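Down below are the structures I want you to see.
Look at the two complexes coming up: chain A is in both, with chain B in one and chain C in the other.
So, the complex of A and B:
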């Protein structure tokens, strides 16, 4: 840029002479979303969180490798036992474990930051006076949570797959139905599992976004989302409360194992996706109703 | 003055929190091109008013227009032309000053992404922060934070600047810089609404004043209009107190009273020259004659009440 050009641009800064016409806003801009993702990914705490997410599949795979001959039963189910035969089972075992606590905690922290965090810092009032329309802000915030969910699940899946294949190799996979499927088909199904898990975490993100509009304390929002998750898992474990189970967000989160039947059992998966969608829509709308009518006094 | 000439206008603007009225039926009128000093002690309702103007909170009653557009309906079109500083600076602590401005710029759909870098640097330059632009916000002093917040309001060309206590936390030098910045913004044609609880900090640059006290707008107008509300007193030193009092009363001076060796009174519209001439004409020896006009500061204190008591 020449000195002259720079001078002209700097001259514009500060005030607009009365009577000049405002330029039209860009109808679609991804700048705010990109800024949002930069904020999430750049935060040291979140980087540590991603390391924790990535560490678990590594620990799992190494532990299985070291105790390879021992095929005793394990909490992460059949997947971990089968990992010795096919490394692609490592990401599945890792997702089974991380969907219970670590991934929900990751999205709980991100959703706490989303609105409550900005309110707590006071940056919310400056975003709104830029102005960012409140509905647009909620849409961008939720989009960033969905992307955050995808990133978290992808980290677990990819690290699990890489470590699993490195330690145990990959090959045709023996499904739960006892039929073998090709290695690329198996990879495709692992990818589908990741998307399915991301949908569940993203639905929980909508719950978190709503809670985040209720408070100015990000930690309060995070803890609330964790309580919702843990209580849901506990209720899901009580058979006497079966009537309640279809209403729980975690109801079908573990149904992804149905993808490893031949042919896949779709009914539970579709029901699970329906529940995720319902949670996402209801809680996003609740967040919208709350946020668009709220006095911003922070 | 018609509403079209007003950059900010409110009518019966009221905000209640519970039963307490933080702002009680105020009619602000900020003419286009004015530098409007919005004064009042802490807790008198200035920030609540500003939050309502910017659409952050909804009034309990009343209406407000910004640059001729009703709020909050016109927010999408109006607010891009308004730079604001509301209740102190607020930024992401682990981002640098420059990254914080970049984030706000990214949120603005009117802002051109290609000129972002040069506009951000120009804004930082204007508030004297360019050298510290790469430092994390958490390492900034209060004064630097305040400057960054002012810089953020200058990212885009503005028709109106709403600056809530812009001199908070600044040293005398910084305060002077902010004053001259406000002056230069006004010279460029922007309307500036600047709030403060300290009259002295804004008095010199303001063309208009509005004074808040306990949720009410107790005075508003040009600085000259506000000043004219000041009631002057005369103090006469003389050896003939009784005769002097009679002459003064005869001239129409009110509230004439003897105070020690002086006679005090309220001259109203009477010119001091005429009073002295009449006294001398009546044979009253004038040893000293003083017209006391209270300073703006005294007026301000009279209107808002003295001391450290925060209205609550």
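So, the complex of A and C:
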């Protein structure tokens, strides 16, 4: 499979190559980005990954539907239990679960492929013969990771919402503050949650991009990003290390439940977005420092 | 371009600089605001606070306590807990909305839960997202305010009120210039005990420069460099809150209880007043307690009623859960077993040595508590 895939990918890179040289690129051309996204979406493993992301909310919703009665009061703070009352809780429960492992894994795979994958296949040097400087290439690579993060989170949210509404219906939503908000307000807040989660995953993508410039083994980059994620979650769970928590990328990832207070509590969310931005800037710059100064031999 | 290619390593300055900016930003934000407040003496500030008549405000409060209490699952609770009684340890976020004496809302924010206390006229709602239960009570219009069932002051106002009560000849009151709290310029009032015998090193009260409302109270212990107890606004607004905040309508699908109905499982009415750990209430003490010493180094010695001793209620002194319910006495019993055993000429017992106060429960049922080191408790017990 890998040999065949290499052939396919090299072929695609070749297409992109000629495409870029045939027409002189405009000041801001989306051609490179579109080609990158086409590559990401076209890879069979990424398509399978999207299926896995989509499967979890379906499994969750069906499981809750089958065991629905008499779970109330058991752990009512949990979004999943509330799903029986309102299908819009299904995407929230799915995001809560997938933000811990599946979505970080998805971005870890994409970011591993971004630079290390190309280097491993020997396509990176061809890519660099395109009249595109390395900084712009890195920007495009990161933009495609951000879009990949958005796509992943959107899949989970939309599939969760559709399945949840189909099985449980939608209606006014009970907030953590005990009062209800209207159904459209609830939909809006679920959409904000999706954007917030995408920001966190995109920030992790910057870490992945940096690691990807350090190695020529995409698997090494993927595993490193997963280790960073898992270690962050573990450290976040240790109260004695509270001084460290503001430095962890996952620190406020679960703060999106603050959107379901009335009125929403923004402070933690803004802090979370600030952390995401800080991670994205620092690691993109680190990736830039590494990528623009290293010798590309493969 | 040529510079970059001749000095490729210089590029690493960019991420390093970004890290530096990220690390420095929080400090820069808190230090940037120049107060520009005219100087006030401590006496003027005290008068200002008493005259302040802020009727409307809303804001976010962060409370953190490091009282040196044993960290057990039953006591206090972790940082994310939304239980109203969990405020005695860790760090907690509260949101308040106040519109005059009759309309208030207090929300204790947990990781994925929330407890609310909403007063609108004579109606008092409590809401717990953990149990999805709303409880409605009717209270007397005369009640000054609806207080929460916690052992520690929940708002900077409460805490400042308690601290200002302590101003007497045993306390030195000074100002230490200005501070910035919740983005507002504030004066700082510093209360220092004159005696060295207490574990309270200093109480610092930040008072809003314009509205003269306490914005933050920090209690420093002689044992710690950081405040042992701190409650302060992280965001505050003195505008009139939206009327929506006080209109609680239980949602369908939630349990609604009548808090006035005398059912066995209805929650107890909130404790009448909040109190700091240094001022034990006398309600569960059988004999009139003996007071040894004065001011900050006061030690209160009391004898527990026999049944309370059996259940070990209130064992950890005035600490956290002196509610007297079966559950809390069982909890207290468990905690007591973990406390170190101490003995001396005064007898023997278990010691709770906190950062701001100490307490001893003797085996013969006496309890001594004070904002002092254990040695002074022993002395007070022996003197009796």
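Note that the second predicted complex is superposed on the first by the 266 of 298 C-alpha atoms of A that agree within 3 Å, B and C clash if a C-alpha of one lies under 4 Å from a C-alpha of the other, contacts with A are read in each partner's own complex, and residues count from 1 in each chain.
As a convention for this text, a residue touches a chain if its C-beta (ideal position, glycine included) is under 8 Å from a C-beta of that chain, and two chains touch if they have at least 3 such contacts.
Values in this document were obtained by computation on a predicted structure and should not be read as measured data.
Asker: Kindly classify A:85 by the partners it touches after superposition: chain B alone (first), chain C alone (second), both, or neither?
Answerer: The second partner, chain C, only.
Asker: Return first, second, both or neither, reflecting whether A:123 touches chain B, chain C, both chains, or no partner chain.
Answerer: First partner only.
Asker: A:239 in the overlay: touching chain B, chain C, both, or neither? Say first, second, both or neither.
Answerer: Only chain C; A:239 stays clear of chain B.
Asker: Looking at the overlay, does A:283 come into contact with chain B only (first), chain C only (second), both, or neither?
Answerer: second
Asker: State whether A:180 touches chain B only (first), chain C only (second), both chains, or neither.
Answerer: It touches chain C, and chain B stays clear.
Asker: Just to be sure I read the superposition right, which of the two partners does A:296 touch: chain B = first, chain C = second, or both, or neither?
Answerer: first
Asker: From the superposed pair, tell me which chain A residues show up as contacts to chain B and also as contacts to chain C.
Answerer: Common interface on chain A, chain B vs chain C: 293.
Asker: Mind listing the chain C positions that touch chain A in their complex?
Answerer: 4, 8-9, 11-12, 14-15, 18-19, 22, 60, 78-79, 90-91, 93, 95, 107, 109, 111-114, 116, 127, 129-132, 134, 234-235, 245, 248-254
Asker: What does chain B use to touch chain A in their complex?
Answerer: 32-33, 51, 54-58, 75-77, 79-82, 84, 86-95, 102-104, 106-110, 113, 115, 118-119, 122-123, 125-126, 152, 154-159, 184-185, 188-190
Asker: So in the complex, which bits of chain A are touching chain B?
Answerer: Within the complex, chain A contacts chain B at residues 1, 6, 9-10, 12-18, 20, 22-23, 25-26, 29, 31-32, 34-35, 39, 42-44, 121-123, 125-133, 293, 295-297.
Asker: Note which residues of chain A are touching chain C in the complex, please.
Answerer: 72-73, 76-79, 85, 172, 174, 176-180, 239, 242, 254, 257-258, 261, 263, 265, 267, 278, 281-283, 285-286, 288-289, 292-293
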